[in-house]
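Going in written order, the chains are labelled A, B and C, and every chain counts its residues from 1.
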Amino acid sequence: MIELIDIHKSFKKNKVLNGLNLKIDSGLITVIIGRSGGGKSVLLKHIIGLLKPDRGRVLIDDTDITRLNDRDLNTIRKKFGMLFQEAALFDSMTVKENVAFPLREHAKMSEVEISRVVAEKLKSVGLTGIEDKMPSELSGGMRKRVGLARAIALQPEIVLFDEPTTGLDPVMTEAINQLIVDTQKNLNATCVVISHDLESIFKISHKIAMLYDGDIIEYGTPDEIRASKNPVIEQFLSGSIEGPIKII
Amino acid sequence: MNRAAVAIDQLGRTVLEYVEEMGKIALLFLSVLRWMFQPPLKSHLIFKQMEFVGNKSIFVVVLTGAFTGMVMALQGYYGFKMFSAESMVGSVVALGMTRELGPVLTSLMVTARAGSAMAAELGTMRVTEQIDALSVMAANPVKHLIVPRVIAGVLMLPLLTVVSDFMGILGGYFVGVHLLHINSGIFVKNITTIVDLDDLYNGLVKAAVFGLILSLIGCYKGFNTRGGAEGVGKATTEAVVLSSITILISDYFLTAIMF
Amino acid sequence: MFSISSEAKVGIFVLIGLIILAYMSFQVGQRGFGLKKGYSVDVFFNNVAGLERDASVQIAGVEIGRVESIALKDGKALVTLRIGKDIKLARDVKAAIKTHGILGDKYIELVPGKDEEIYIHEGGRIINVESQADLDRLLNQLAFIADDIKKVTGALSSVLAGDEGEASIKDILENSRQLTRNLNTVVKSNEATLRAVLENTRQLTENLNNVVTKNDEKMAQTIENLRGASEQMEKTFASLNDITESIKKGEGTAGRLIKDKDMAVKLDQAIDSLRDVTDKINQGKGTIGKLINDEETVNNLNEGLTGLSRYINKAEQFRTFLSYRGEYLFDSSEAKNYLDIKIQPKQDKFYIVGLVSDPQGKKTIRDTTVAGVTTRTEEWDRDGLLFNAQIGKRYKDIVIRGGLLESTGGVGLDYFALNDKLKFTFEAFDFSADEKTHLKAAAEYQLFKHLYLSFGWDDFISDKGQESPYAGISIRFEDDDLKYLLTTTPIPK
């Protein structure tokens, strides 16, 4: 279980998270929604310890990771897989080396096995025969899918997806949604997904959390969210310009 | 607060920042040492960096070394001619190259070529979250990115300096013997009697220290880049400036200690 | 396509580099080539001033070896030579220290012997040593002379200044008036002879000067002559002494003595030449003069004295130290930085003020009361600086200090060992009720003059998982040291 307790985070004067509390249940797909620039990526980075809160605690299976040393943090991180919003592929390595990276680091596999796993993971994100390409030769959507393949290569217990379907065509979007659902089912993984694609969200999520103004203002099943009378959520779901969410 | 107080406050902050930066670089060095001795060593990464720092710098180093030696020979010739001691030109070129110009010029060239590239590469990795990706995959960024570069710097700089020394002396020989018609036997004899093994080796020790400085500072600046493409540019410039200054300053102290 | 791996490329480069290095080392080190295997031979010299290790050993201008070591043994310089293994030295080979080149490098010249029956072996000794034109001995000789002169003038002055001497001085003056009158006539009648004598003396001193400065081959001989001369002089002075002794006795001998024309003329001449000598000494001519008037000697002495007084002052003075310390916490991979100024008005008392940057940050505790319920919150300000302000006192090897440690109250205990090179430290601070006291233990070792290495354990009873071993480096300057560092760093040759 992932538990965020009273998280405060600012960058200089910019207060991004303001006393945020959230409990994410194991074995479910939880989607975090919220306005652009609202701090969703920042929240995700707190879960994996890339950012440390100014105040508050982050509990992963009851361990406070904000107070851990390098070694212990790394032990916990081995449970994780993460897809970055901009994929964050190593651009000095080929696609194959990118996907193989976690395998080489943490799994004792032969070269043959590694090649097989890499090909399999790439196939699951709809890519074949691009192993020897460099990331700079790929399109944005392809890069994102390679990043996805890398995130799930080690079959992690917890997978964090930062906008996995943004920039993909409808067919590919559907395929990735399916991949997330399958990953969760097959590995019984905990998936935390950031997404702006409402249709997909309601299709795949077990729980939805709405981040607004540095805090989670609504947290519940898709049906509960849809039925919510909170004006912020109503405006967000309808996508209307009028309402409490100000554009400027 | 009045202006003076603000100025003093600013000065204090700047000094403290500078001291803190030096401290951080020193601590980064400690952390590099710590990770260097934790197996497994990423040998393919080290070789890749050695090729980048070493092999790919050969051309510039050969060129700067040779021309430096040639210029020294020419200048030395005019000076020594006044005392009819033209044959000393060889030893001046050789001594100058092995003790000072070989290590310093090589390090400055490599700083410009590889130190800046290290800062730019790590800087880009930082702003495109590749370093975060490393951390997330429980791979220590210092071990993966900085250790190989520092090892490559420390090992390759002395080798490049050997090449530079050699080319400098060769260039000096060419100018002295072929263009200025100094007797070749005396030219060489003067080199071998005046230059000591210690001159050569101390120069190489200097080069290794400079290699450490330029790779460490390049990595430090890249690693701590903030703010997009502009930040990467800034980090690169800062790395080259800080490395060059530190190399020249430490050269003075190394010379004072060694010779 | 044929491609070479990074490893292979690097390998090729390393190989080429090493080959060039080996070639250059071989070329440059060639001077000593083959000598390592040679054999060593000892020579004793009286004086090897200017001779350096590794100086060349030559026969007929050809280098056949090097000076391996120079040591002092029984008041003489023991020089060990390493001679190339193909060179054979006859037992009666002769060694001398010579000078060559514009730079005046000293080297050892061997003159082959004739006794080809017996050669010198490893560890052997060259017995024939050509002694250097021994300036030192000359100096010694002259020092004796100077002593004598001092005795004579001392005696004279006591005669002239003494109470009982007054009467005889009157006598002497009266006599000398007569004497000069007589002298005048003598001089007038003997003018030519006197001039010749003076001319001769002048020439003599000129020659002497030439000999001394040019240090030419005949030096040894000259010295021999000089020694004879000085012995003679010594005798003369002895008799002069006798004379003044008797003058002192006030037996009226002086008058009688001076009335004796011949004696008077001799005395006058002696005094004149004495004045000549002392004048020359004053003007820095000649070796004694140089010695006495040598500014360097005086400077050296002065420097020695000021150095000493500075040293004595320093011990009593108010001292300030500036130090920076960085501590790398292994567990959190973060660094703590300390910048301290230590003011030490007395040897056993000091004050410390400083700044600490702590990655943990600065804690502020806030109590907020809402509807009668008080909640206490802790805030960590990561950019905040912490402060140090302590007062301390030293008892022998133990220092006790207290005050503000990292912006909270605390105390510290230091124990010094190994002449203060090693320091053990224990600190306790942050005694706030809601968490365990911050304890810190460390050992610090002085690696170089200004550089210290430390290892320790920070916050080791923490209940918040903040305990961590650390390694630190610190740099510490005394403000004086800073001044020295800026002014006395050697200028590279």
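Simple rule for what comes next: a residue touches a chain if its C-beta (ideal position, glycine included) is under 8 Å from a C-beta of that chain, and two chains touch if they have at least 3 such contacts.
None of the values given here were measured: they were computed from a predicted structure.
Interchain contacts join each chain to each other chain, per the touch definition above.
The greater number of contacting C-beta pairs, out of the two interfaces A-B and B-C, is seen for B-C. Ranked by separation of Cα centres from chain B, the top chain is A.
Nearest to the common centre of all protein CA atoms is the CA centroid of chain B. Chain centres here are Cα means. That of chain A falls 71 Å from that of chain C.
Chain A and chain B have CA centres that are 42 Å apart.
The mean-CA centres of chain B and chain C are about 36 angstrom from one another, to the nearest whole unit.
Residues of chain C found to touch two or more other chains are 330, 333. Residue positions of chain A touching 2 or more other chains, listed in rising order: 70. Here chain B touches chain C in the complex through residues 16, 19-20, 23-24, 26-27, 30-31, 34, 44, 47-48, 50-51, 54-55, 58, 159-160, 162-163, 165-166, 169, 188, 191-193, 195-197, 199-200, 204, 252-253, 255-256, 259, going by the rule given at the top. Residue ranges on chain A touching chain C, taken from their complex, read 54-55, 64, 67-71. In the complex of the two chains, the chain B residues touching chain A come out as 121, 124-125, 128-130, 132-133, 135-140. The residues of chain C lying in touch with chain B in their complex are 5-7, 9-10, 13-14, 16-18, 20-21, 23-25, 27-31, 324, 326, 328, 330, 333, 335, 337, 339, 355, 357, 471, 473, 489-493.
Here chain A touches chain B in the complex through residues 45, 48, 50, 70, 74-75, 77-78, 80, 82, 84, 86, 88-92, 101-102, 105-106, going by the rule given at the top.
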